[in-house]
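Chain IDs A, B and C follow the sequence of writing; residue 1 opens each chain.
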Amino acid sequence: MVKRTQKLPFLFCFSDELMDSATFVIIFLNGLYYAFALFLITIGLNILYGILRVLNIAHGGFYAMGAFITWFLMNAAEQAGAPIYLVWLCIPVGALLVALVSITLEPILFKRLYKLPEEYSLLATFALMLMLDDVLRMVFGGDPLSANQLFNYMGTISILGKTYPAYNFVIYACALILALGLWAFLYRTNMGRILRGAAQDSSMASALGVNTSILYTQVFFLAFFIAGLGGAVYLPATSAYSGMGFEAIVLSFVVMIIGGLGSLRGALVASLIIGLVRGFGIYYVPRLELAFVFIILIVTLIFRPRGLFGRKFTREEK
Amino acid sequence: MGIKSDTKNQKTILRTEGLRKYFGEVHAVDNLDLRVNHGEILSIIGPNGSGKTTLLNLISNMVEPDEGKVFFYGKDVTKWAPSKLARMGLVRSFQIVNLFDGMSVLDNMKASVISKLGKTNKPFIKVDKDKEVMERSQQLLELFKLSDKADSTARDIPHGDRKVLDVALCFALDPKLILLDEPTSGVGTSEKTQVIQRIEEAVRKGDVTAVIVEHDMDVVFSYSDKVVAMHRGKILAEGKPKDVKKNEEVIKVIMGEL
Amino acid sequence: MKPYQIVALIGLVIACLLPFIISKYYTFILAVTFCFAIYALGYNILFGRTGLLSFGHALYLGLGAYTVAFLMRPSLGAYRIFSMELILLIVIAVSLLVGLMLGAICVRYTRIFFGLINLGFVSLWYSLLYKLRDYTGGSDGLPVYMPTLFGIEFGYETFRTFVFYYYVLGIFLLAAFIMWRIYESPFGLALKAIRENGVRAEFIGIPIGRYRLAAYVISAIYGAIGGALWAPLSGQVSPDISSWLSSGDVVFMNILGGMHTFAGPIVGAFVFYNLKVQVMHFTTYWSIILGGIVIFFVIIFPGGIMGWVSRAIPKIRKRFYAQKD
C-alpha cells in the first residue's frame, strides 16, 4: 500500500515534545487533506444511494479512474510542452471524462438495478469494482504513476515557521467550492429540488412528469464527476496506483455509516471527524492509523447505528 | 349468530392503560383505555386515520407507545419483543397480507407449527418426518379449508385464500388472543362471507378471544359480541353491536363515511 | 434410493478413486477446492438460507488459516501444536467466539447495512494482519508447517498430494452431512421463514435475532475450518486470504452455483475455483472475466447453475416419462 503522505517527507520531522501550535496547524491541515479525499468520494456514494438506492461499491474505481486519466492527460501535456494553465485544465477535463463513462454504464448496467432489491446492487457493483481495478491495471500497468508539475509549481508556503505545500490549498478550495456548489444546487435550483424530492419518494418524481430516465443518468453523471474530480485533484499531490480504488471505497463506507447512509451533511461531518481524528492519532501512535477509524465505526455501530444524520431504520431493515 | 350468553367467563385478558402514540403533531392514539374479555369477539370500527391499525400495532408491540402500558393476563407486556408476545399467546394477522411468499402453503403452516411446538431450536430432527408437526399442519389446513392448496406456493394462491392463510398462521400458535387487521380487505364480496365464516368458525371452536379491525359493517354487526368505535385516536363509543349502531355520534362519524 | 442420493454416492466413489487416476497437481487442487467447498457451504446457511449478504466472510477464512500458522510457530517452542485434530478444535472455539462477538453487533441489522458492517470488519481484520507485523508477519505472512494427522507424520509430497486429500474429503463429508441435517430440521425451516419474511417470522414467535446470530456463527465456524484445512496445503498464510477480492469470492461461488439449493455452494466452489485456476494460466486479469460473469448471473440468471438445474429437472422428467408411455 503506497501511503499518500510518502510524497511529503518533510512533514514528518516532528519531535516527540508536546505539540506546538505550528505542528498543530500542520496536523490539522493534514487531517483536512485526508478528510476531503473521503468527502469527495462519499458525496457521490450518498447521492447515488440517497436518490437511486444504488450502493455503488465501484465508486472508488471511478475515483481511481479520475487519477489515472488525469495522469495521462498531464503526462501528455508535459510531453507536448504545454503551458501551465493547460495542465491545470487537465483536472476538470479528467473529471469530465470519468463522468462521460456514466453515460454508457448507466443504461447498460445501473438501470437494471433500480428495480431489484438493494443487495443486487451490492453484488453487481462489487463485481464492477473488481473489473475496473483490473482494467486500470491492464491499461496503465501496476506501477504507481505520478504527475507533480502542478504540485511543484505551487511550491511551499510557510505556516508558523513550518513549510507546507501550497498545492494542498488548491485541494481544500476545490472541495469547499464543490460542497457549496452542491448545496446551492440542491437547495436553490429547481432541478435540485426535484432531486431531493426523488430522494424522498421516487414514485412521486415520475408522477410529476419528470423524465426519470434522463434524471437518473444525470445523477450518475454528477456523482461520477465528483469522484473523478477527487482522483484528479489529488493526483499532483500523490500518485495513481493500483488498488487505490479499494482503499478509497473501504474508508468511504465507514464514512457513510458514521455520517448516515444517503446524508450529504453526514458525509461532510463524518469525513472531517475521521480525517482529523486519524491525523492526530497518527501523530501519537502511527501504527494504528486505521484502527482509529474502525474504533469510531464500532462505537457508532453499537450506540448510534444509523449514523449522525441517517434516517431511522424501518422494521424490515432490522 | 355471534351473540354469546352473559354467563361466559368475563375475565379481562387484555387491558391497555393510557396508550398514546404521536406521529409528529398527530395523536394517532390518544389516551386509550381498552378492555378485552376472555372469549369475546370484539370489533374496532372507525374512519380512516382514527388510529385502529396503530392501536393494533401498539398492542402487538410492532410499534412502541410514547406513553401508556399494555397488560396481557395481568403482565406488563409493553416492552416485550413481538416474538415473545406471540409465544405467550398474543398473535396478530396483517392488513396487507404478510406471508412467506416463496414457500408452499404447507411450509408456511409448518413454520408456525414448529414455532408453537417449541421445535425451532432443534437442529437435527427432520421436520418432514416429524409426525406431530405434519399432522398438526394438515389439521389446520383442513380447518381453514386450504388442504387442496397445500403444495401451492403462497404467492400464487387466490387473494381470499391468502388472507385466510395469514389468519391460519396465527391459529397455528394456539393463541389466547388474536388481533385481526382487516381480514376481509381486498376480498371480493362473493368471497367475503366465506372468508369471515372460516375465521369465525376457528375462533369459536378454539375458544379464542379475537379483536377485529374491520371496515365492513355487515361483518362487524353480524359476528361481534362487542363493538368499539374509534375516532381521532380516542374511543367514541363501546358496547353491544345493537347499541353502538344506534349511537348518534357513531352514526355521524362512521356511518357517514359509507 | 432417491436420485440425488445416487448422484451423491457416485460422486463419493469417484472422489475416493480420483487421486489414483489424476495427476498429483490436480489432486492438490481438488483438495483445496474441498476446503473452499466447506467455506462456501457454511456461507450459504447465512446467505442463501437466512438471506443475509455478508461481504466480509473472508475474515473467518483468514482466522482459521492464521490460527493454524499461529499454533505452529517456532517461537512457541515446546508449546507448538502440530496435531491437526487439536488445531481444528481450537479453530472451532476461536471462530465460535469471534463469530459471537462480531455477530452480536452486525446481526441486529440486515440487508445493505449488514453487508456494509461486515465489509468494515474484514477491512479492519485485513489491516490488522498487515500492520501487526510482529504477530502476523505483515505482508509476508506466516509459514505453515506440516501437521500430524491422528498423530502420524507424513512426508511432504505424500501429505500434500495424497493423504491430506482424504483427510479434507472426510471432513468435508462430515461437514456436509451436518449442514444437510440442519437444512432439513425445524431450525432450517425457521431460517427460511426468516429469509422470506423476517417481520412475519417474528410475529409467529421465532426469535429472529437469536437465530440469525446462530446462522452467522455456524457459517463463521465452517469458514474457519475451511481456512484451517487450506493452510497446510498452501504452506503459507498471508493477508491476501482476507482481502477484498477474496471476500467477494465466496459470494460469487454461491451465486454461481445457486444459493437456494443445498448442493449449489458446493458446485459453485468447484466451478469457481477450477475456472480461476484455468483462467489464470492465460492471464492475470482474471477479475475482468469474473466480474463479467457475476454481473451476467446477477442480472440475467439469479438462480445460478443449480437453480437452472432444479428448474430443468421437472422438464426433463416430464419428457423422459412421456416417452416411456
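A few notes on this one:
Methods note: a residue touches a chain if its C-beta (ideal position, glycine included) is under 8 Å from a C-beta of that chain, and two chains touch if they have at least 3 such contacts.
On a predicted model such as this, the values are computed, not experimentally measured, just so you know.
Averaging Cα coordinates per chain and for the whole protein, the chain whose average falls nearest the overall one is C. Of all chains, the one whose Cα centroid sits at the greatest distance from that of subunit C is B. As a whole-number value, the distance joining the C-alpha centres of subunit B and subunit C reads 43 Å. If each chain is reduced to the centroid of its CA atoms, subunit A and subunit B end up 50 Å from each other.
For the pair subunit A and subunit C, the distance between mean C-alpha positions equals 34 Å. Within subunit A, residues 315 each touch two or more of the remaining chains.
Among the residues of subunit C, those in touch with two or more other chains are 199.
In subunit B, 62 are the positions where the chain touches two or more neighbouring chains simultaneously.
Residues 181-182, 184-190, 192-193, 196-197, 199-208, 211 of subunit C touch subunit B in their complex.
Of all the residues in subunit C, the ones that touch subunit A in their complex are 53, 55, 105-106, 108-113, 115-117, 119-120, 123-124, 127-128, 130-131, 198-199, 244-245, 248, 251-252, 255, 285-288, 290-292, 294-295, 298-299, 302.
Of all residues in subunit A, only 1, 55, 109, 112, 117-120, 122-124, 126-131, 133-135, 137-138, 246, 250, 253-254, 256-257, 261, 287-288, 290-291, 294, 297-298, 301-302, 305, 313, 315-318 touch subunit C in the complex they form. On the side of subunit B, the complex with subunit C involves touching residues 60, 62, 81-84, 86-87, 91-92, 94, 98-103, 107, 110-112, 114-116, 119-128, 130, 133, 169-170, 172-173.
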